[in-house]
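Which chain is which? They are A, B, C and D, in the order written, and residues in each are numbered from 1.
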Amino acid sequence: METKILLTHCKDEPGLISKITNICYKHQLNIVHNNEFVDNTSGHFFMRTELNGYFNDQTLIADLDQALPDGAKRQLVSSSRKRIVVLVTKEAHCLGDILMKAYDGTLNVDIAAVVGNYDTLKGLTEKFDIPYHHVSHQGLNREEHETEVMKVIEQYQADYLVLAKYMRVLTPSFVEKYHHKIINIHHSFLPAFIGAKPYQQAYERGVKIIGATAHFVTDDLDEGPIIKQDVIPVDHNFSALDMAQAGRDVEKNVLSKALNLVLNDHVFVYGNKTVLL
Amino acid sequence: METKILLTHCKDEPGLISKITNICYKHQLNIVHNNEFVDNTSGHFFMRTELNGYFNDQTLIADLDQALPDGAKRQLVSSSRKRIVVLVTKEAHCLGDILMKAYDGTLNVDIAAVVGNYDTLKGLTEKFDIPYHHVSHQGLNREEHETEVMKVIEQYQADYLVLAKYMRVLTPSFVEKYHHKIINIHHSFLPAFIGAKPYQQAYERGVKIIGATAHFVTDDLDEGPIIKQDVIPVDHNFSALDMAQAGRDVEKNVLSKALNLVLNDHVFVYGNKTVLL
Amino acid sequence: METKILLTHCKDEPGLISKITNICYKHQLNIVHNNEFVDNTSGHFFMRTELNGYFNDQTLIADLDQALPDGAKRQLVSSSRKRIVVLVTKEAHCLGDILMKAYDGTLNVDIAAVVGNYDTLKGLTEKFDIPYHHVSHQGLNREEHETEVMKVIEQYQADYLVLAKYMRVLTPSFVEKYHHKIINIHHSFLPAFIGAKPYQQAYERGVKIIGATAHFVTDDLDEGPIIKQDVIPVDHNFSALDMAQAGRDVEKNVLSKALNLVLNDHVFVYGNKTVLL
Amino acid sequence: METKILLTHCKDEPGLISKITNICYKHQLNIVHNNEFVDNTSGHFFMRTELNGYFNDQTLIADLDQALPDGAKRQLVSSSRKRIVVLVTKEAHCLGDILMKAYDGTLNVDIAAVVGNYDTLKGLTEKFDIPYHHVSHQGLNREEHETEVMKVIEQYQADYLVLAKYMRVLTPSFVEKYHHKIINIHHSFLPAFIGAKPYQQAYERGVKIIGATAHFVTDDLDEGPIIKQDVIPVDHNFSALDMAQAGRDVEKNVLSKALNLVLNDHVFVYGNKTVLL
């Protein structure tokens, strides 16, 4: 017996749930969880079906392809553990949280490697017996540096890249290469305070709440599909630095919740948004 | 074209989603929203299906009865506006919020009448052209008072009774008469601070968070199925009275969110719990 | 015995708390609550002192003026109930909440009048025996309309103007006339989604949290000093309209909390920020 | 120049703030932060004053003793880093968070040692070069085991003991020995679900919110002064195990926030409550 997840999305039409669940039933697969959503604005249908049983992937997919409307996307993913490569700069809290949660099993993930443009977090990473690659950006232009980073990443066959406070902007060609496979944590409640130094911006604006946003990276800086956001209250007592320190917990919690959703195949990307089922 | 909601719950078995959605499809009913849940502990299946189309209730129910396992409960409810009677004592905030939200359409409800054991809230109720019945408990024992209250309630054919800070304990016979039809707001985060004066209890315990709980009323005081809870932070600056004042917003918000769930048929009661679909 | 609030702010220097509290002690005034804050970035000192006793305002102020550094601002305000005029357009929830909280005493305020550019909320306002002035903007340019609105407002000698979902942008001359006396509720978590239709903007961006911001109105649209903010979670199920409906509770709660702070003299405006003591 | 914190609490009387701040001013100490609170129910005064300058501890304390009412408690504490010993059983998340935050400087603390009644967390602790003592309770009665634990603890001269999911009840004599020096994280929103298996209890009650409570340990199980609490929403989808997993983040966040308050001398214990200044 195996557990797999069927992800379907297509143009909405009557009878889709019935058709898909019929096929699962015919294949003697038990539906453990099922969630569906219709975006009425665009007329698009999404369904995540967690199935248990003995799978014949080929015939199952063939049956679905026959039943679903033209252009339907369907994917049968194994529930096995995904692999990530984490990119970092100097801040320890997000990386530390991921390392700890991978260690104690809270996150169902293999951290294949950590890549940093400084060596600050080498010691922390190696405590957990995970390879750390220091790829300095010193003396390299953006493209050259990314080429070096990619060489390292390529070895690891990762399912996702996680930017755990990686403080460099990626080039369009890098982003394109890992389309919807790069997850970033931005230290503001987007779309407030896009760009550099969001806590300084938040301090100067005098906001009473700060936040963090985990999103897929796209070409438009800080404009990719949002997966998870959360906030904490602040007040006049907080300097920009206090906000940055207070923000650490919310950053790491948001990133880890987003990873949990992505790693367990709960996330559909649709246009510039996510549907979480 | 009408919108109706099909509520199904029964022992879990393979193929239920497929069977139910097939029948809906066969009846040319469009599924607007569908949510299901299987309680793996008890092996029980719950499904809420919002349907749009031309209904033949009798044949639809007959088809379902044939397909579903023995003992299945299924109910087809109209999405029309429900009627409530509100019971109050002296505090205005919960009643005021319900009156205002019924007035501006935020709550899809008809307030048939308000019944109070004091006349404090008569003026407020009548501003909104809703009948207020003052049924004093003075000089009556609990059963006598409830008999009088019931006489008033009976006129109105209400779907639900809402205890909006009604500060009297109901007798088992009253509760039984309106089985799972009475919704109460308790001014604590249950099961903390059961019984009288929860804010005083919270103050004495020195908690850092207070809350409110909306639940169905059962024979066991403050032990009925919980529909909705929420909390707010407090600190050493709060006296018991300050907590009571600060708690008003959370009480009224929790009650109104619970009502919204109940009035739109999102709530299954199962054992001493609710399943919200 | 009276209760008054002493609000002091000035350039920081050693000994300020000692000097001010000495003067209060010398005047035999009891300090009920005291809160102070030093903004280390600007070197500015703020203190709110709630005093109880028999006041000789003139000598108290004179003593303070002698002790405090040049340019110090100090103000002794009575704790009596403030007067507001509320400006509205068509949406009922914020006005309704203020009316209800003034009625039941949750907000310590006199609502002198309500002014609307539509007559939609006249019925609701008059239920509470408060004068409603319908000042239509039809056929008038912005300045002409504001002149009419001001004529009405002027009669009431209000301490503050409250924009309870007043959907018109004010001219600089109007704003200047009521400098730091106009409180607005903006239906987004500022500075995200400045300007028109913030829920539509939020929907299009696919955010997972929406919010509301109460702020003083300045010349720069949605850029005034923020008093209070709060948020609620949303997800892919929410249309722009659903967000607007869900946002009602957070809007009214944020506005009413901000009013509570302002009406009880907890708010210092400093530059483009507030200090809440 | 040094930074120290003056903690004063005593019977309330007029002029206390003035007297204390005068003395600080006379000693040419600059007040960096000052917070005070009067508990009007008991007539008790609390003040935390963060001071910067050149200290003559003896004369400062002598001056205070002369000025303050009989029975006043005053304490001048250095702002230097405190030492803790952490007690654990098998769960990694709270210990892991403390280790990581001590490592990256988020918590201003020295972890002198970790003591566990199992050896499960030895590997994790030693990654951070901190001594781990496995003191098994196997074959020992409660007193014998505690004697062994105390032998280990005594070596380290800790300021506080932190129970990071230490799943054993302490004896009164142990608790008395470290009076108000033991901080525990309880995995429920106390006083709900006192005692064993709170998540199982929460599951059975069908609550919609779960939480965690950090408190000082006293003789009465789970009844000590509460320092910090927080909650997260749950629903019918959560089994007792799911709640336990979801609760990990809130447990570790609450414990680490409570530690931050305690380690920076923001916490007064008064009766069975805390005052956080």
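Quick notes
Heads up, the rule we're going with is that a contact is a pair of C-beta atoms (placed from the backbone, for glycine too) under 8 Å apart; a residue touches a chain by one contact, two chains touch by 3 or more.
Which protein is which chain? UniProt says A, B, C, D = Formyltetrahydrofolate deformylase.
This is a predicted model, so every value here is computed, not measured.
Contact with both chain A and chain B is made by C, D. Measuring from the averaged C-alpha position of chain B to that of chain D gives a distance of 40 Å.
Taking the mean of the C-alpha atoms as each chain's centre, chain B and chain C sit 35 Å apart. The touch graph of the protein chains shown is complete. Within the complex, the chain B residues that touch chain D are 37, 39-41, 189-193, 205-209, 211, 225-231, 235-237, 239, 271-276. Only residues 91-93, 96-97, 100, 103-104, 106, 124, 127-128, 245, 248-249, 253, 256 of chain B touch chain C when the two sit together in their complex.
By the touch criterion given at the top, residues 14-15, 17-18, 21-22, 24-25, 28, 30-36, 38 of chain D touch chain C in their complex.
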